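Please find one structure pasted underneath; my questions will follow.
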Amino acid sequence: MNSIVFLVVIPIIAAFLSLFLGKVNKLIAYIVTIFNLSFSIVVLVSGKIPFNVAIGGWRAPYGINFVVSDITIFFLLLINVAAVLSLTTIKEHMEYQFYAFYFILLAATNGMVLTGDIFNFYLFTELTTFAIGGLVAYKRDRLATGASLKYLILSSTASTFSLAAIGLIYKTLGTLNFADIASKISNLNKASLSLILILFISSMLVELKIFPFNIWVVKAYDASIPAVNLFLHGMVSTAGVYGAIRILLMVFSKNSIMLSQSSNIANILILLAFITVIISEIGALTEKNLIKVLAFSSMAQLGIFLFGISLGNYEALKGAFYIVISNYFAKFVMFIVAKNYSVIAGSRNYEDMKGLGRKYPGLAIAFTISALSLMGMPFFAGFWGKLSIVGNALLMDKIAIIGVIIILISSVIEGVYYLRISHTFFSDGNIQDTKLSRINCVLPIILAAVILIIGIYPNSIENIIWTMINEIQNTPEKYIQVILPLK
Amino acid sequence: MTQVFILSSLSLMFIGLYGVLTRKNLLKIIIALNIIETGINLLLVSFGYIDHGITPILTSQESILNLNKMVDPVPQAIVLTSIVIGLGTTAFALALAIRYKITHNSISINASEEEEGRGI
Amino acid sequence: MKDETSVLVNIIAFLILFVIGIYIYSVAIDTGAGIKITDNITPTMRVADKYLNKNVLDDNSTYQWGGTAEDTAANIVTSVVVDYRLFDTTLEVIVLFITILGFGFVIPKDKRKIIKPTTILNRWAPILMLLMLMIGGYTFINGHLSPGGGFPAGAIISTAILTGVLTGRRTISQKSLKIIEAITGISIFSIGIISYFLTGSFFQNFILNDKIGDLFSGGLIPIFYGLIAFKVAAELSNIYFEFYEE
Amino acid sequence: MVEILLVPLITAFISDIFIKNKRLVWFLFLISNGYILYKLYSLYGKWDLTYILNTDYQIFGAKLSLGLSNNPLGWYFAFFSAVVTLVIAIFSIGFNTNSKGNVAPIWMLIIFANLGIFYAADWITFFMMWELMGWTSFFAITNGNTKALDGAKYYLALSLLGGSSMLIAILLLGAYTKTFIIITSAYRLIQLFNLAEGVFTTILLLFIMAFFIKSAIFPFYMWPSKVYAVGPEDYIAFMSSVMIKYGIYPMAIFIVPVIGNLQLPKIFNAGNWMQYFIGYLGALSAVVGTLLAMFQTDMKKLFAYSSVANMGYILLGFASMSIVGFEGSLFHVVNHIVLKAAIFLSLAAVVYRTGESEMHKLGGLVYKMPITFLTFLFGIIAAAGIPPLNGFGSKWMIIQALMEKKMVVLVISMVFASTGAFMYLFRALVSIFLGQLPERYKDVKEVPYTMSIPMIIMMGLMLLIGVVPGVVMKPLTIALDALGYKVDIATWTTLSSSFKNATIDLKIVFYMFAMGIVVAALMYLFGNKSETIPQHDNYTAGENPIEWGVDADKFNYSYSFYQPFKEMFDPLFERISIDRFFSSIGKNFEYISPTIQGLYKRGEGAVLLFSIGVLLFILGGWIL
């Protein structure tokens, strides 16, 4: 399956071509994205997973390699589906730079998931940063420029930290390959490991939107156009989540006990997770700008995810996966609804969207379903995540129990502001006659239906998640087996 | 010798970080970022350095015999990449700063972002 | 600049740096078991050992000056950059590509005045440009033998165009720059795809049996370096032309 | 058995699709409701029916299975609430004919959750239904009305808080007892008491908090008044009668057996501290609810507090931990469902015609809306606990049980609350229906048939249960017997008591009251007729108060009716305002919110905060 590299190469070539194609770009974007999606599906059904691809023919710890395992393919699918769905929201004509940035983003997010080399991972992260920087600045107005510049400054600072961490890893372990690092990490001095972890995690938390590393989030979401919101949410966040899982749980873990070598760091991650949750929920409480509300809530969800993975318990980890999936679909629905409604209302303030829920009930119902899923209400996908995380956190020590209380309080706050928005949609309001094509309602409704299906019938994804967790359970040994078969 | 490299690179990084933390002028921040990059590059190179090492370039048959005296080539390769990234960041950030100057009429990072009545 | 000298921020910044410094020091002097960051680890204990000995594919192979090996670049840094870790380098090209694209995208297109250059610069410019092109060419052609390579070469070549810009000569149109950029970029990856079809693996070297130390050695390295040089030159020149617009 | 839940769900879905076609939707609605009622009736006695749905979802190392079971007590609650829900829903058809939206789908979801709560075999299913009820209620209360948002938000926040505390309790219970089945976990929880008392108490208190929030018991007594004041009248009829009992059902099935079987030291030879804990909270809600009800000017708020007081009675019955008290409480549940539904339906009818819920602006509607008046009259007679109607029997049983257990303070508070009930109930009657008709309501008519028939049904039910308590007591005693309690199966018209020779026959009581009514009717027909004078004459001496720039309604005698009492209790309520406490928490959050937004809006300190984050890791590594 050496051809897996096409997932990265084809979008990059498309990016070069996009400089000349003008209006055809949109078509090319669809073709490339659908190629990526169908290719990942082909890989999934080929039954060859897991496998390792050495680029340039150099075997694993020496050359750069791409690894495809169960987790990889799952996130690959999520990212490429997100890309296809986000493209469908682009209606107007875009400048060619937009598509160039998009292709690079597609390549970079795919690459982040596929790569098995830490420096390569770093490069893909940088590519993502620049692509997002360009996409956020797309409107080139006051807000967009400020947001993009501040994001760039923050992530450049962060990237120097991770580069220092990579340097330290190379200095001490003499390797850059994930599997090789994982097999050697137990030889490392404890203090040195925590230095490396601190440097690397803090740069990674920028993408993961964890407080206090996430000041860029709300501005970037607010400043960018709807399609870029979806890219940020569906592709960048998902890739960031993958990075967290791969690096925290599979590379820097020993004897398959998560973060066991430096449990302090796990505790601080838990602390940061619930600070993030509470801060972003409170921030969203009185916010009127719908996009900003969604940005805040996105931070909160990732906080819960981080809480789930830092607990060091496989069932909590399963909950974290549910949270990711629920958030993935729910935010998609919400951003699309926000886009459509704000076009009609002519403003992003949700109070101007009164009565739209009566005129276009499909969108408002989909929004409500997503909101309920994010709140962790039963019959929606988010509930299963909350159940697992809360249940297993209760068995942990004190800091986790505080986290449980905070997460539950924050879900109350979340309920208040989300249902207030839903209520505003359904309340009486005078709207001018506007024409919104019914086609726009189809996608959110389908995605909301997915949330409902997962919520009512968790068996549908439970086994998929367990396959991924089994992979994490058996790391690093199994992972190393795939990549370094000689040992 | 390596200690000197490491200490000087650390001090460069600290100076840069200090600049990013305290300056409000965007240009100064970007320059400070560059200083950090330089520090990191020096740090990485010094990680691969060994005392009395020679450059990892083969010039004749003897150099092949001295392979274990050569300094590590990998950090140098990483630094090459990192320099280009630094260049890219600087270019992009400077261009954004020029536009920032036009849209905000200031190059302070504190310039207010308030914008009433924004559309969709 | 308001609040430029805010005492509080300065104190906080100092505190942060102080704590980080103390922390790094405490890690450096840590005496726990295991590999420490201060340990003296030579390249022979790292993956670099295989790059130096050029025996990644076959653990026991050795090589001679003037003989052949799995990688025939005399400059081992080059062999790492453009052969063992070629994929990183191609991504680096993309980084440059996208940032320059972003640069061109966000930079305001307003009018600038061109000051007429002095006669000396004006007369000497063509000679300078020729020299720069030659040096640039030498740098990338010899990238696998001596220090140098595609990126410095590209930068040197682009200074030739910069000289042209400074003297007000339109040596090359922006459109053709773009075309060069795209063609070189696509070629880099096309070679990767070609090697996939020839050898079954992306970016695998398919020019074999060349001798270490020859001018035409190193397999694909000179080709890649050439492409990278022109690409980087085109991209950097783009920056100059952004300011050149009348 | 599972079809009893599927039918409302499918109906909700179908009616959501055909939401524009009102006739079809309501037809479907009635059909499925009728089916549910029939099905419930046929389930009577089949106590061993269960339905298990196994999932692959893994929690605490075991696969989760969701289940439904025909619990006798659950059936008891489900059947009577289904009857009343059906009646309210029919009323709702008439009530909503003119509104733009269609509430049928949300009603069906509510009925689904309603049945689900009573039929849940395990805590997870129970919780799912419970939360479903929480947010559907939010939408039913607001119903697109912006004014209702504040009250609904308050309710939602409390309801989610309750849900959260219950979730913690359920998961702790599951983690420590290794089961989620309600009945099994009750037994295991009692065993847990000896092993880990701290966990036991935490679980119990968290559960109690969730149930108390739903049932508006003392510290959480204020949401009904906020919600009822703004919600649509037909829905609050449902809320105040059926929904408020959701906290009572799990109390009866889980908390009471657990506390009753504990080996705790007794205080004053009467009960253990948990019994007293529940009892005193119940007594407090009864007293506080009664006092606050007296001072309301809005009739919906008045009856909201009356509901709080009634929940207090039920809790008092539980606190006695005797079988008579338990029976009395459960009997009072059904009584309260029926009588509160009747009262709120008549209030809804008044609001439907006049659009007014402030009592001092109403009056004299008795001749204009006779059926509504009669329903209301029946309702308040029942609520006051006067014999021929249904409120009497259950209160009588509860007081007896408390006396038998020698819980004197609780008895006193109950008697106080019952007496207070007279004060506010008859005041409401006088202010709304008696007195003089304001000019503006001259053209008010009786409500249409779709609304009056449900009211007549409710009247019939109240009288039936009042005279023949066996219709409720028989299923109740059979259900309790099936659960293993030692009870005598009740007869049709007599109520037994724990004291000897204290059995009463309500049939005889009914005859006596019927005689009295005949006498009164004769007096009315042949006595002197009353004289009608202009409304303002008796208190403004013929002047028109509007000329002075004063609102005439403020002079109505029913405005500030119990002013002296209010002055007496005001200092108390000003000092202890739990309402203020809860709203201040929300206010504080809203106060911090803009600060955080500002932080993210400017985005200038990003790198500084980033470094602080790094610092946190470093310091955390040193400290932790």
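Residue numbering begins at 1 within each chain, and the chains themselves are lettered A, B, C and D in the order written.
Going forward, contacts are C-beta pairs under 8 Å (C-beta built on N, C-alpha and C of every residue); 3 or more make two chains touch, one makes a residue touch a chain.
Everything numeric in this text was worked out from a predicted model, so none of it was measured.
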Message = Of the chain pairs A-C and C-D, which one is connected by the greater count of C-beta contacts?
response = A-C
Key: Interchain centroid distance [CA atoms averaged], chain A/chain C, Å   = 31
Key: chain C-chain D separation of Cα centroids, rounded to whole Å   = 74
Query = So how far apart, in whole Å, are chain A and chain B when each is placed at the average of its C-alpha atoms?
reply = 28
Ask   = When the C-alpha atoms of chain B and chain D are each averaged to a single point, how far apart are the two points in Å?
value = 67
Note = Note: chain C residues in touch with at least two other chains are 9, 12-13, 16, 20, 23-24, 43, 46-48, 51, 85, 88, 92, 95, 98-99, 102, 104, 106
Task = Note the residues in chain A that touch 2 or more other chains, in rising order.
result = 119, 123, 126, 130, 133-134, 137, 140, 145-148, 150, 153, 157, 168, 170-171, 176, 194, 219
Task = Mind pulling the residue numbers of chain D that touch at least two other chains?
result = 601, 603-604, 607-608, 611-612, 614, 618
Ask   = Graph of touching chains, which shape: line, ring, star, complete, other?
value = complete
Note = chain B partner, complex, touching residues on chain A are 119, 123, 126, 130, 133-134, 137, 140-143, 145-150, 152-153, 156-157, 159-160, 163-164, 166-168, 170-171, 176, 219, 339, 342-343, 346-348
Ask   = So in the complex, which bits of chain B are touching chain D?
value = 17, 20-21, 24, 109-110, 112-113
Note = Interface with chain A, chain B side, in the complex: residues 13, 17, 20, 26, 29-30, 33, 36-37, 40, 43-44, 47-48, 74-75, 78, 81-82, 85, 88-89, 92-93, 96-97, 99-100, 103-104, 109, 111, 113, 115, 118-120
Key: List of chain A residues in touch with chain D within their complex   = 146-147, 150, 153-154, 157-158, 161, 194, 198-199, 201-202, 205-206, 211-213, 215-219, 262, 264-265, 267-268, 271-272, 279-280, 282-287, 292, 296, 315, 318, 354, 358, 361, 372, 375, 377-379, 383-384, 386-388, 390-392, 394-395, 404-405, 408-409, 411-413, 415-416, 419-420, 422-424, 426-428, 457-459, 462-463, 466
Key: Partner chain A, residues of chain D touching it in the complex   = 19, 55-61, 100-101, 124, 127-129, 131-132, 135, 138-139, 142, 144-146, 149, 152-153, 156-157, 160-161, 164-165, 167-168, 171-172, 174-175, 589-590, 592-594, 596-597, 599-601, 603-607, 609-610, 612-614, 616-618, 620-621, 624
